[in-house]
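Let me begin by handing over the structure; questions about it come next.
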């Protein structure tokens, strides 16, 4: 693994050129960063600041009815555990927690399984890319129809297995596991690919030494492979965690947050508050709270990683 | 597909007929909208037929009054026992699809769908369905009126063009074209049009005309924050569909409704 | 049976089980795509039929409909303009930044890019919607491209950091000694060496920009609507054109699948470099 190296550290021989060009070149790093920094400020930082500011108002986006200052009232509403927020928070934690956990377990398992030579390895890897690359909206529509309680293909599977009829996506108790299943289907390949890349780079002599010592495959896996590849797994998990908290398309298209609000994550709840009810101020307060939730979730994993290196 | 039953003339007869006709999984007795954002619209028929209303005259929620509870009990009973398994997720599209496939014995929904049901290219029940008045309940007959409106924004810089468009769209010729395609239009003359009368399925014309003359806009809560309040009530109906206690759900919804009303309605 | 052939039988058994399991697993991951494509050729009736229909006479009606009434070509062009624009501009912004982070250890800046990746799309949309409306940027290519930079820039930067870190510092130092400016080193030494990385980052950014739904849902209008929004709009308020939905879904997924298959090694490299390097 390459360590980032400081280019200016070794004192290179300087050309005798003077002038603006030379000055620019000496400070090139700032010019390299400048465009991206402007982008961050204008397109990212500004909206964040605006959102925080807007969270102290009540506004419906109307050009005629002005925004009214309400101070911390929006936050009070959120934190007094507005039932909609409470529900959304729970759904979000449930969805992300369970799906990322399953994805990591299955992904690592799959990577271990595929970490050998076999016929069709290239084809397998290719096919496993499809769920990651497919357009989420299109895939969601397909899964929505597969989950249809009257004519979906899952009804057929259940019938074949002689299971009692279910309401599938129209069942408030089933809908979250179904959405998690969809998410696991879509993103396990990503964890698998990243982990596989990590596994491939592990040195072989360790395995040989372990085999000589008589370790069983299971012991090799748990005591040698996993600890060595752990940084990679954690990095993949962190990546997936970040993205999972941003999930919108899939849930919006598949269930619209329903039945009722059984699958309404914070993302969908905020979307609804902002763009369906036009409560822009309240939505902004919710966004600020959501951001802290995300930060907290990410900090947990970052500290995990630091502990490893 | 009525098997010798007369069209139901009360909500009780509707439920009895649904029970008779319900033979899953090929045919469901009665299908209607159950999705959170859609259910209140269909449910409102039961609400008003039982003598209830969205709110009292002084703007307090009335959905958890005895009439509201009775209405919800009836609606939920119908859908849970004689509806399709996807009821809690059903919006207009799902309900329509079931009826078009011939998998729903009865449906209570928009008049404008008649043309679709009679289109042999898309409907398996074309020529084999009939319509009747929305059945009255204990408090009598109520019919819902829902109209799409045209408005010109004062902020538009194309107001003249918009006005010309409005004139064109509401002209007799254009409205007639749409009316004959079964999008009912507000011009009375169209409802007496001979060609349209000839097109309509048996019973449909009489029922539609009678309803439109007595209809009131009861399908949505009469408040500024109507979408939000509709959703609040929808959550209650949807939870009731999942089996939760109706009274608790409606009380909670009434509480949320009060909060929304206080936040958004101008002070009286 | 001797011990040796017993062992061999065991080995063969294990291999058979492995391939059987593999096919099962691959089948699970591929099935929805297969189902999506299959249903595109069914009539509406056949799609809603229960039990599900696997053998039938295919029809091109749905595909024809999608092109006929959906303005499909127009929206494809919109998707192309917005995705390629966002990737192109993203490269201009992200490549120098990635190089600076890799070579000059701008950890703070890297953290800023990471934060960008953490924020959910909806957080941008509320202020963007209000500001874009004020600036007249709603339903404009420029507005959409700028919005999608939030997807492409962090991705490109993050991936390219890994690739730039792999460029041997000795090559750059040698060039500097030869009198090359720092900018020159970047342009003439580093960039050419990370060309595979450019493909990886570019493809990934392109695919995620192409697949984006939430941003065009709110920020695009009649003129600039992209394909994912079009597909969603097939799920209209009432009549559910299932055939159209499946056909449109297949048509929009096809270019992505082809792109990925064409450059799969680069795609995988791009996906994994963030994870392996950490």
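We call the chains A, B and C, going by the order they appear; numbering starts again at 1 in every chain.
Throughout what follows, a contact is a pair of C-beta atoms (placed from the backbone, for glycine too) under 8 Å apart; a residue touches a chain by one contact, two chains touch by 3 or more.
Computed from a predicted model, the values in this text were never measured in an experiment.
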item	value
Chain separated most widely from subunit A, comparing mean CA positions	B
Chain pair whose interface holds the most contacting C-beta pairs	A-C
Between subunit A and subunit C, centroid-to-centroid distance (C-alpha), Å	14
Euclidean distance of C-alpha centroids - subunit A vs subunit B, Å	40
Subunit B, residues touching no fewer than two other chains	25
Residues within subunit A bordering two or more other chains	150
Touching two or more other chains - residues of subunit C	48, 50, 235, 242
Residues of subunit C touching subunit A in the complex	18-19, 21-22, 25-26, 28-30, 32-33, 35-36, 39, 47-52, 92-94, 96-97, 99-106, 109, 112-113, 115-131, 146-147, 149-150, 153, 157, 165-166, 169, 172-173, 176-177, 179, 181-183, 185-186, 207, 210-211, 213-214, 218, 227-229, 231-232, 235, 242, 245-246, 248-250, 252-253, 256-257, 259-261, 264, 267-268, 271-272, 274-278
Subunit B contact footprint on subunit A (complex, rising order)	58, 63, 83, 148-150, 165-173, 255-261, 272, 276-277, 279
Complex contact set, residues of subunit C against subunit B	44-45, 48, 50, 235-240, 242
In the complex, subunit B residues that touch subunit C	25, 91-94, 96-97, 101, 113, 116, 122, 124
In the complex, subunit A residues that touch subunit C	1-8, 10, 12-13, 15, 21, 24-26, 28-29, 31-33, 35-37, 39-40, 43-44, 46-48, 50-51, 54, 61, 110, 113, 118-120, 124-139, 141-143, 145-146, 150-151, 153, 155-156, 159, 185, 189-190, 193-198, 201, 231-232, 235-236, 239, 242, 245-246, 248-249, 252-253, 267, 270-271, 274-275, 280, 283-284, 287, 290-291, 294-295, 298, 305, 309
